[in-house]
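Next come two complexes built around chain A: one with chain B, the other with chain C.
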Partner chain A sequence: MSLLARLTDGVPARSLWGLGLLLVLLLVAPALLGKYGLSVLILVLYFAYVGQAWNIMMGFAGQLSLGHALYAGVGGYIAAGLFFHYGIGPWAGVFVAVLAASVAGSIVGYLGFRFSLAGVYFALLTIAFSEFTRIAFDHWGWVGGSGGLFLKVDATVDIPNLRGGPLLFYYVILALAVGAFVVCRVLLESRLGRYWLAIREDPEAAQAVGVPVLRCKMIAVVISAAMTSLAGVWNAFYYNNLFPETAFAMGRSIEFTLAPIIGGLGTLFGPIVGAVVLTGLGEIFTDLSELFHVSGLKQIFYGLALLVIVMYRPAGVWPWLAERLGFAEKRR
Partner chain B sequence: MTGRNTFTRRRLGRASFGGAALAGATLLGAPLPLRQAFAQGAPANLKVGLLLPTSGLQAQIGQACRRGADVANDVFTDMKLPVKLEIVNYDTETKPDVARTQAEKAIDAGCHILVGAFDSGQTIAIAQVCEQRGVPLVVNIAAAPQITEQGYKFVVRNFPTAPMLITGALALHKEIFKVSGKTPKTAVLMSVNDTFGTAMMNGIKALFPKLDMPYELVDTISYDAAAKDLSVEVAKAKATKAELLLPVSRLNDAKLLVQEMVKQRWEPMGVLNPGAPGLYEQDFLKTMGKYGEFMISNVPWLDPKSAMTASLEKRHAAKFPNDQLDLNGGFTFEGILIAAQAWLAAKSTKPGDLMEALRKIKIDQHIMVGGPIQFDSKGQNVNIKATAVENLKRKPTVVMPLEAAAAPLVFPMPAWNDKRRT
Partner chain C sequence: MTADFFLSLAQAISKGLLTGMVYGLMALGLSVIFGVMRVVNFAHGEIMVVGMYLAWMGFEYLQVSPMLSLPVIAAMFFVAGYALQRTVISPFIGRPEHQQFLLLLAIAILLVNACLAIAGPDARGVQMDSQFESYELGPFVFDAVRVHAAVTAVVIAGLLWLFFTRTRTGKSIRAAADNNLGALVVGLDVRQLYAFTFGVGAACVGAAGALMITIIPVTPFLAAEYTLLAFVIVIVGGLGSMTGALAGGLLIGVSEAVAGLLLQPSLKSMVSFGILILVLLLRPQGLFGKSGT
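After this line comes the complex of A and B, so read on.
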C-alpha cells in the first residue's frame, strides 16, 4: 500500500474533501484577510503547530511535559545567535537548533524515563530543566544575557535569511503546521505510533508484551523537542527579540499545552481546533474588554470558557465536533 | 400627506442656512489641523492607538501609564492647545505576540499614530509592524538601546536608554553630595536579576570607572526577582559596612529590602536608587509608611515648575483621586502630547506627514524635567534629564536639579527611629 493510501486509509471521503478545502482556504487566506486577520491566523497556526509537537509527548506517548518552552527557547536562541554573531542564516542554523533541542530533550527524557519518573514527577523535572536553562541564559553573554538578544529588523524580503513581512512568516508557519500534521499522521499509523498508544494506556502491560518502552519514550521526547525547536526558530525570527524570562517562561509552556488539551488530546485535529477556539475566543474577549473598557476582562472570560469546555467536553472539542460533522474515522 | 417631519422649501432653506452657519462657525473656530482636514476632506480627528500592558504581569504599571493618557485631552484644553484626539486603548496583555496583533488591529482600525508600550520586548514587536506598515510609533517607555539603534524609520522614543538613565543618575549623585556636604566613601549595589536589573547592573559596572565617582563600589549583590526573603542579601550588604546603598529593584523586592534593613538596623548614609522603579511607587510609599521616607530615586520625573504639569496633576487628581501620578503616567501623557504636536505641525493625518513632523518637532512646553522634546537622527530624545526624587511626606518630590526642585534635599537619610520620620 502506498504512503498516501496508508495515510488516508479509513478516513471518510467527506473528511478528505474538508481537509482539501481547508488547505486551499489557508493558502488563499492572506488575499482574503486584512493584516490584522492575518496576524491572528499566524498565531492560530503557531499554536496549532506547537500543540501538535507537544501532543506527540502527551497525547500519543502519555508523558506530561510542562517545560516545552525549553526546546522552543533553545532552538530560537541557537538559530538567532548564529545569525546575529556569524551571519549564519536560519535555514542552516535550524539544524544546529534542532540538534541542541534534541540533546536537551534526550537529557530530560533519559533522566525521567530511566529512573521511571512518571506523571507529575516527570512534569516537575521538565519544569526544573526549563527554569535552570532560563537562569543559565540569563547569565550567558553570547545570547545577550537577561538584557535580551535582538535581531536586526529589515523591511526588505530576504528569504534565505528569513527576513521579511508577515506574509513570508505566514507561509512558513503554514508549511510547518501542514508538515507537522502529516508527520503526526505517519507516526500514528506506524508501529511506533501503536507502541506509543500502548505505553500511554498502560506502560507496564506494554512492557510485558515486549514494547521497548524506554526507547519509544525517548523517540517521542526527541521528535517532540525537535519539532518544538523549529517553532522557536520561527518565533525568534518573526519577533526579532528574545528574553530568557519570556522565552523559557512557565506561562509559555502552559500556552503550548492548551490547544491540544482543549481540542482533544491524542487526536490529529485537536491542536488545530484548540488553537482556533482559543485564539478566536481570545480575540472575542479582547474586543469585549475594549468595548466595556475593563482591563483583564478577557482573562476572566477566557478562564471561564476554558472551564466550561473542560467540564462539558473533557475529551476535547474535536472528538465531539467530528462525531457531529460526520468526520469521525471509520473503525477498522 | 403632511406630517411633522415633512420638509418644506422654507424649512429646507432655514435648515440649510442654519447648518451652513453652524458648519462655518465650527470651521472658523476649529484648530488649524481641523480646518485643514475639513478643507481636504481628510479625517477630522487624529486617531491615536495607545498600546499598553493593562492586564497580565505588568498590568499595574500599564494602567498607571494609561491614566496619564486618559486626562490628556483635558490638559490640552487647559493649556489651550487646539486639539482633541481620539485615543483608542489596546491591551498588550504583557505579551509581545499580543502586542504585535494589537498593533495590526489598531492600524487596521484607522489609527494614524501609535503610542506605547512600556516594555522593550512588546515595543519592538509593535515597532516592526509600524515599520512594515509605515505608521509612526511614539515610544512612551522602553529602555533597551536597540530600539533606536535598529535604523527604524517610523519610530521615535521619548524615554532615556538604560545607559542614559545610569549616566544621568550617577552624575546627580555627585551633585547630591556637593549640596549636602556629605560624601560617602563606599557603596554597595544590590540588584534584582531580571532583564532590566541585569542590564542596569552591567551598565553601572561598565560606566562606573569612566564617571570618576567619589565612592568605591565595594560589592555587587544580585538576587532573584521572585525572592520572598532578602535577609541573607541584606546581611551581606550590611557586612560590607558600605555607607551608601544603590538598589536596582522592582516594587515587591524594594519593600522586602527596606523591611529587612529596618529589621537588621542597617542605617547607611543614604539609599540612592540609580534609575530603577520601586522606591517611588505609590504602593511602596503606602506599605512602608515612615520607613519609605527619605529614599532617593534618580529617575526622570515630572517638572513641578511646569504649568502643564500643574494642569496634569490637577486633572489626574480629579479623575483618579486614589492614584499617584508618576513617571509612567507622565511619559505616556508626553507620548500623546508628541502625537498632538506632530499633528498640529503636519496639518495632516497621513503617516508620512506625521513622521516628517516628528523628525523636526521641538516641544518647549511639556511636563518632564529636561530640555525641549526633540529627536535625533535615530529617533531618540536626548534632552531628558535625570532628577533626584526624594520621598517626603509620602510623596515623591523633586529635590534636584536645583532649578526644578520643589523641596530641599534631605541627605544623609535620618535614622529609622529619627523623629523626622512620622
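After this line comes the complex of A and C, so read on.
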C-alpha cells in the first residue's frame, strides 16, 4: 500500500473531506485574517505542535514529563547561539539542536526508565533536569547568562536564515503542525505505536508478552524531545530573544502539557482542539480583564476555566466533541 | 582564615538547620496528603504563600504578630482544606495522575493570582523587633526569629505526631492510608478521614507560611518555587514518611545555606536538584521511605 493509502485507511470519507477543507482554510488563512488574527492562529499552531510532541510521550507511551521546556530550551538556545556567534543559519543549526535535544532526552529517559521511575517520580526527575539546566544556562556566558540572548530583529524576508515577518513563521509552524499530525498518525498505526499503548496500559503485562519496554520508551522520549526542540528553534527565531528564566521555566513545561490534556490525551486531534480552546480562552480573558484593571485577573479566569474543564470533561474536550459531531476518534 | 571559614560554615549550617525546620513543616503537609490519599498536591507552595500573605495582613492591618496569628491561620486552613477536599478534590482520588495534576494546577493558578490581585506583585514582609535580636552561644550567633520559627515548627510537628499515634482519628487515618479497603470494611468513614487529612496537611503548610513570613518577605512568585521545594524535600526524605519530611527539610535547608556560602547564592537550588536527582536514581523510596512502596 502506498503511504497515503495507509494513512487514510479506515478513515471515513467525510472526515477526509473535513481535514482537506481545514488544510485549505489554514493555507489561505493569512489572506483572510488581519495581523491580530494571524498572531493568534500562530499561537494555536505552536501549542498544537508542541502538544503533539508531548502527547507522544504521555498520551501514547504513558510517561508523564513535566520538563519538556528542557528540550525546547536546549534546541532554541543552540540554533540561536550558532546563528548569533557564527552566523550559521537555523536550517543547518536545527540539526545540531535536534541532536542535542535527543541526547538530553535520552539521558533523562534512560536514567528514569532504567531505574524504573514511574508517574510522579519520573515527572519530578524531568522537572529536576529542566531546572538544573536553567540554572546552568543562567551562569553560562556563551548563551548570554541570565541577561539573555538576543537576535537582531529584522523584518526583511530572508528564508535561508529564517528571518522575516509573521507570515513566514506562520507557514513554518503550519508545516510543522501538519507534519507532526501525520507523524503521530503513522506512529499510532505502526507496531511501535501499539507497543506504546500496551506499555501505557500495563507495563508489566507488556514486558511479559515480549514488548521491548525500555527500548520503546526510549524511542518515545527521543522522538518527543526532537520534535519539541524544533518548536524551541522556531520560538527562538520568532521572538528573537531567549532567557533561561523563561526558556526552561516550569511554567513553560506546564504550558506544553495543557493543550493535549485539555483536548484529550492520546488522541490525534486532542492537542489541536486543546490549543484552539486554550488560546481562544486566553485571548477572550485578556480582553475581558482589560475592562477591570486588576492584575492577575486574566490568570484567575484561566484557572477557573481549567478547573471547570477538568471537573466536567476529565478525559478532554475532543472525545466528547467527536461524539457530538459523529466522528469516531476516541482515546485509544 | 581557616578558623573564620569554619565559623562561618558552622554559622551557615546552623542557619540552614533552623530554616530547614520550617521547610520540614511545610513538606510535612505535602507528605501527609500524599501518604494518605495518593494525591499529589501541586498547589502546595501556593497554599503556603496564601498563609504567608494572611500572616502579613494580620500584622499590617491588625498589628498581630505572625506567631499569634499562626493558630488562627492553621485553623482557617484546616477548615478550608477540609472543604476543598470534600467538594473539589474528592472525586479525583484514584483518577490518573495527569488529571489530579491539572486539577491542582488550576487551584494553584487561582490561589496565586488571587494573592496577586489582592496584594500586588511587590514583596511584602513584616518588621518586628525580634528580627533585630539574636541569641549568642559561645562564638555562634542565632537570629531570634529563626530560632522562634524553628522551635514552633518542631512543636507543631510533635503535636502532629501525637495526633497520628495517640488519637483515634489519627490512627484511623493511618489505617486508611495503609489499607483503604480494609479501613472501609471495618466501617471507617474514609471520605471523612480524607477530608480531615487534607485539612491537617493544609493547616501544617499554613502554619509554616506564618513562620516563614517572619524570615523572608513574600511575593506571589515564590509559590511555584515552594511547590518545587516541598516536592524535593519530600522525595528526598521519602514520600509519606513524617520523619523523612522533617529530615529532608533539614538536609535541604543546610545544603541551600552551605551552597549559598561556598558557591553563589543563585546556585543554591542547583544543589537541591542535584540531591533530588541522586536520591531518585539511587534510593527512589527516599532516605527514610520504606522500600517496595
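Following the convention adopted for this analysis, the second predicted complex is superposed on the first by the 324 of 332 C-alpha atoms of A that agree within 3 Å, B and C clash if a C-alpha of one lies under 4 Å from a C-alpha of the other, contacts with A are read in each partner's own complex, and residues count from 1 in each chain.
Note that contacts are C-beta pairs under 8 Å (C-beta built on N, C-alpha and C of every residue); 3 or more make two chains touch, one makes a residue touch a chain.
What you are looking at is a predicted structure, and each value in this text was computed from that prediction instead of being measured.
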Item to complete: Scan A:Leu7 for contacts with chain B and chain C and give back first, second, both or neither.
Response: neither
Item to complete: With the two complexes superposed on chain A, say which partner A:Tyr36 touches: chain B (first), chain C (second), both, or neither.
Response: first
Worksheet item: For A:Met250, is the partner it touches chain B (first), chain C (second), both, or none of the two (neither)?
Response: second
Item to complete: Could you tell me if A:Ser295 is touching chain B, chain C, both of them or neither one (first, second, both, neither)?
Response: both
Discussion item. If we overlay the two complexes on their shared chain A, which of chain B and chain C does A:Asn241 touch? Say first, second, both or neither.
Written reply: first
Discussion item. Quick check on the superposed pair: does A:Gly145 touch chain B, chain C, both, or neither? Answer first, second, both or neither.
Written reply: first
Worksheet entry | Per-residue touch tally on chain A - higher for chain B or for chain C | C
Worksheet item: Counting only touches as set out at the top, which of chain B and chain C does A:Gly165 meet: first, second, both, neither?
Response: first
Practice prompt. Could you pull out which residues of chain A sit against chain B in one structure and against chain C in the other?
Written response: 138, 146, 295-296, 299
Response to the item:
Touching chain A in the complex, chain C uses residues 40, 88, 91-92, 95, 97-99, 101-103, 105-110, 112-117, 120-121, 220, 224, 228, 231-232, 235, 264, 266-267, 269-270, 273-274, 276-277, 280-281, 284
Worksheet item: Tell me, which parts of chain B touch chain A in their complex?
Response: 54-56, 59, 62-63, 89-91, 93, 96-97, 100-102, 104-105, 107-108, 120-121, 124-125, 127-128, 131-133, 144, 146, 150-152, 193-195, 197-199, 202, 225
Worksheet, complete the sentence: The residues of chain A that touch chain B in their complex are 34-36, 38-40, 43, 46, 138, 145-148, 150, 152-153, 155, 165-166, 239-241, 243-246, 286, 289-290, 293, 295-296, 298-299
Response to the item:
Within their complex, chain A touches chain C through residues 58, 64, 66, 111, 115, 117, 119-121, 123-125, 127-129, 131-132, 135-136, 138-139, 146, 250-251, 254, 257-258, 261-262, 265, 294-297, 299-300, 302-304, 306-307, 310-311, 314
